[in-house]
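For reference, the structures are reproduced in the following blocks.
Okay, so chain A shows up in both of these, paired with chain B first and chain C after.
Entry: the complex of A and B
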């Protein structure tokens, strides 16, 4: 059975007639000469008129099958034989770190024959690709799930939190989670609430440039994050990523105060309203911030890996139809986080709907689209109207953190009063008591 | 055999020509050279493992040098795409069209769909660790001196970052050049003389320029040469920046490779096997006599001794002047950022005494026929350097090893790194596929400009330039301005061409600075000649005055040199005065007095009048003087 990955319609027909498949060396005649190359997979989204051959020089070319004559297979596809370089020996005595994969490729190798990129699949593979890790820690790795980060749902947060809780019981001294960058901040917030009081560091890390590239930021982020997890005197949930555009340092961000603030830069993650927790640079960790108040940090570790799908986030904008609120309510939203303007404001027609939302038994919380600063509903009439309608001002909580928190709160209490109290309590460093200069 | 002939010499030429495009290939940055870089960042590239688990030798070499790359950038010429901080945008249609024009000009076949690939390059010259490149066409040919030279491939690719230096900490690159669109044309290997290879490069450059879409000026065209002799491996020489260096580099490489083959022959004659070992000898002798070694040790470095059996006497041997195996080993050490080496064929000359040599030989267990090579420097570096020197020397029996070398400004070559293995390429998934429908190709074929031979013929026929001047003009950056001026001005086209392309290099040798003779200045000068404000003979003096800073504009220079043009009557009265005061000469030499008189006049006129006018007036006046009865003339003279 021939592998015809990506080919369809006319090209599929063409390859079938030539009894060729991916990996076979095909010789075809064009208007300008004979071309010989290995058939490589075609992108599923590409058209069905070009067959792609990889030439001996390494280049791929697309040839229009309607203009080709005399296609014949001159050599059958050979399977690449893979012999990974031996993994360095684990060094007993180093801290035990668990590396959890959730998707994305933190380390990978390229099949230059077909152009495919294969991620590291287990610990030994990972060690072969990033041998530096065995100098830092005894790393066990495990792929928990393999999905794009935009497909991460509350059920994945729950699964991840449970596995990390188990890692604490297994005696790991730190956990590093690899995760796509897009929703990394949300997952970090989710783990922060589910794993309050965790006695070991949990560091989520990622790459903005995929690991098949020589310039990938994955390796530095991984080495930096494992180093911090293995050596720093910290606990709690953090995000570790490039400090700046250089391959020099990894910044550690508090899990509830971190935001992806750039679509593509290596230093996309920023700590909002709080200093960095730590910086790893030149092989050393420098602790900067103690993080949340001690009662938060010293909370008893009682993992609560449960999340609800009943929380929604809505960004207010001038032309927003107020009817969005009842429609969200009807589709199951129990807690609505509204990202208001300025100090946390919305238009008066939306305030009316917020009142109805709350009277129907829902919970409505206010955050600000300013990103920096806290909401305050006591300054203007609009704010006071919102308070009267039942809106809960969430201080300086980030909107993304707020909706994750609401999802966690809904799953962990049935009482509306308790839910309101939890939303307003600083559980995992998600709110600050003072906004500081700098 | 011709003196320049090298039997068995094969040269494959790859020409990399920058295109003149409004933006870089994969981003919207303008193409400009940056002098001041306000920002920098530092990166390390890591060789990605291939599916086979094997690493590329060239990649391992670069990685083992273990120096981060420092990238300098400026908003005027670089953006986040150049810094590998943003995905590339798709290739502009215009650049693809230029590629197709080159294919049409060379008669090449074109693929139906071009795929941008990532070609792994981890020497730091690309921030991504790969070069984006797409092959557009294959086949075709060009004629050079009556010989048909085949084209292998036509490729569209991005230029690399500009290497700006290397210090102890890092290698430094400027990002202004990174991403500039290049067309690479690879030719079939040709045999023949180095001069012929030079002509091939020259003619290919002319074909590329005939598209009218390529960049001009120094550094916009670079040649890579794959050079081999019969029985030797292919040596890749990168970065020949000037066309006139191609022949020189080929000749140099041919001599170098022949010399290495001679060394190999000697080894075969000796029946010697070359086996190398490395031993640290930092503390074995005091190194007092060698400044290089004692300095390295004093700075906390170490000395490694490479022993190479069978090579004694062959490191310093020069089969041809300047070519020694020892020099090859030194270049390898230098590529590992080490100062150099000291080998046993030159121990006495380099301050290692006989006693010290004996101690070293004894410690390393090296017999008489074994050569010793001392490699000193910072410990890690010395270790890597010694290992590299050892592997190089073990290849001595092969003659010419496959390697990548760089071309110097003088047309020599130096070792850069081992030859990369098979090209490591995989698809650039961030850039869409480029379909090249037939219509696009025929449109490109239609917009290809006049073939260069036709342009040169047109210059010789319609503008009456000599073929030599026409070629110089075509090869210069001034052809477009020449065509415009030749049509617009009344000045002879040959004068325009000569002032544009012949005068500046001549005055440059005299010491007139280049910027005093930039195109705008030359155009200003030609317009002044055209308007009659100045004679063409005054052109060099005007440029000299500008060069010396005596004037800022051509008009000022004319004034300062009192070069304002003489009218016909002024010239006429000057002629008259001279003829009258030279009656003795004229009466003695009759018609042949013309030449000395003309010389005297021209030096007096000093470029203020056209030579043709002076000559006509003098001839007329002289004729009259000779026709006049002598008596009358003498009586007039008596008056």
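Entry: the complex of A and C
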């Protein structure tokens, strides 16, 4: 009995005629040539005119069945089995690294036939899949949680920060965290604030393509990140990810300055406003950036793994209803980060609501949707109106980092004045101060 | 009587002692050298410990007065006068171009002394400031409105589109629109939808630095944009802006694919997901990209200058309260564009609210905050859940373009099904279709 999930009407008939079902590899003839791919399930809302095939390249194509000349099954669908080899023995004397799993593609497997991605591999499987790790470090694996990163919340940041703080006490020389790519930047920022002054490197890593695909970035990212954690003379929170589209190396990004800037490329992560922290290439680590000022780097390590749900982010756009602000205030927002246009601007009607938001005891911060460059409210009348309304300009802080920082600040002080001061202070390399010494 | 706007306490005393006021050029001695700059006014909320000077570079520095060793006024503040030469005579025979002013830095002047930017130059002044224009085209100037672009609303898009449609009827061979940089991309997208099939080029241009600053990009952008409008074999809506950090040329970006990606650089605008449309360099135009498929380019010109205020944009972040969605629905949002993470994802609790939003008759569309790459809801379970909830994946459409398109679609059809079909159709080069012909 063939699985024909989601197919109906014309396409259902077409597949039945070819004796094909979901997971079968189908060869179809079209006006412009022959296409071979695996039949992918469709969804309730889909039309009934297209069969969707997953090509070898990993991409899906939708083919209009009314224009297909014929089809034959060239391979039947079956689920691939997976049996990893046991983890290799640890070598004493190597640096002690903790590998923490939280979920995501790096810890997932694709069903080859349908292309569906399932969270299936645990951290020890991952370690077993990459036996090279035991040449680099004594790696202990642990799964903290196993969720897609779009479901990571402030409570997960807190859990992760607490576990890493404990790892320091346990004598680990570095921690590598596997995490989904989607919200990796947000989590890296969260750990940067919660673990200020941490004496060991914490490297979050991920994969854009799952570990059983030939083009996967999982292995290289994992080996590179563990290598850096084990051998580089650094501390603090970073993201380790593909340096470029080749398998040449791993780039290390500062945890408060990193952004996922491409939906699918393996080198999706970029450092914004700062150089890369380091590059791992040819088995060697090259440190590039000194990172934040030494007073930030040398902060005393006192983990503060608490986050509030009272921070919100709004991206400004021309038809934005100003009523969004009081609505957020009523539903519990204490600190609002507004991603303005250009130097950090919003329309006059929104400025009025920002003033009200601040007078009601809320905190309003400005970032820019330009991503690059810095907020400056001293140049135009709009900026000055924003300052008068009480808006806090966050210099070159990324919007994503800003909302995470606000969440951390709200949980770590009750004083409005102290919260404002903390938002304007470079705590974890998240902003470049504009003031010259004087 | 010196102007000491915003200064109080220690800084007020410091400036009085030096007989200095806002607008005066002050030379101060610090521990690390001498700094010369113009005293800039401060704002009610500013501290009383820093004097702010605008340096020759255009940047402001805040200097702690308690650490300054002395100060003297080296030039007194006075307002520069401005008297443009009269507009040069038009030369018959050249292409007829309409120059429309809407406001923004390109049409503003800086008070040299304080650095404040005022909207002061009208389009004919601008023409007079750039006499080269009369060598290129017969330029008629007109001011449609004069506002900062962060205050541009859908009603302004409508007004601008109507005026440009009239210009076609009047026989103009091209239209150049001067506009603030902040929301230039949104307006370019709006005109692209409202003026589908327009037979002449419409080029929006702007300046990051005002026209009386030595580093201004106003002149080059204006000459380049008018040259392209007058001589290139193109039609449709574009943005013309500095090609790079030099004064080498002007890049032409497709109106639905352009993004302000830097807060202050002159080459702040980037084409995302498509090549540049053209480059103007050494007085010549080089066409680069064929642009959207010919059926889009060759659409019949029937201006539809209507926009709705019922489109909203939400950027997803880990602590986003799902209640934002029903709140937006209640306050009149009919189409919600959600800027998800990665391939277009949001958390499970937000997906539930998207389902409710859609069942209540709203339309929900997904874009990605990655900016580069395209939304794909077929790869992960989260994406499939979103499709089942009724979310519409907008491929590689920019979020900014998506919310503008939604605003246009809502005003131009009353059918929900037709609206959905329009959102998924490439109307003005705003998306790259994933489907192969078949």
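One rule holds in what follows: the second predicted complex is superposed on the first by the 323 of 438 C-alpha atoms of A that agree within 3 Å, B and C clash if a C-alpha of one lies under 4 Å from a C-alpha of the other, contacts with A are read in each partner's own complex, and residues count from 1 in each chain.
Here, a contact is a pair of C-beta atoms (placed from the backbone, for glycine too) under 8 Å apart; a residue touches a chain by one contact, two chains touch by 3 or more.
Predicted model only: the values in this text are computed from it and were never measured.
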If you stack the two complexes on chain A, which partner ends up touching A:219: first (chain B), second (chain C), both, or neither? first
With the two structures laid over each other on chain A, which partner does A:275 touch: chain B (first), chain C (second), both, or neither? neither
Go through the superposed model and pick first if A:95 touches only chain B, second if only chain C, both, or neither. neither
Give one of first, second, both or neither to describe whether A:209 is in contact with chain B, with chain C, with both, or with none. first
Just to be sure I read the superposition right, which of the two partners does A:309 touch: chain B = first, chain C = second, or both, or neither? second
Output check: A:265 vs chain B and chain C. Expected answer is one of first, second, both, neither. What do you get? both
Classify the contacts of A:62 with the two partner chains as first (chain B alone), second (chain C alone), both, or neither. both
Touching A:249 in the superposition: chain B (first), chain C (second), both, neither? neither
In the three-chain superposition, say which chain, chain B or chain C, touches more residues of chain A. C
State which residues of chain A lie in both footprints, the one left by chain B and the one left by chain C. 30-32, 35, 43, 46, 50, 52, 60-64, 67, 115-118, 263-265
In the complex with chain A, residue positions of chain B that touch it: 41-54, 68, 80, 83-87, 108-115, 117-120, 122, 127-130, 133-135, 138-139, 153, 155, 422-427, 433, 435
Can you check the complex and tell me which residues of chain A touch chain B? 30-33, 35, 43, 46-47, 50, 52, 55, 57-64, 67, 80-85, 108-113, 115-118, 128-129, 208-209, 211-216, 219-220, 244-248, 263-266
Chain C to chain A touching residues, read off their complex: 30-32, 35, 40, 43-46, 50, 52, 60-64, 67-68, 115-117, 148-154, 157, 180-183, 186-187, 260-265, 268, 307, 309, 311-321, 323-324, 327-328, 331-333, 339-348, 368-376, 378-382, 384, 387-388, 390, 399-400, 403-404, 407, 434-438
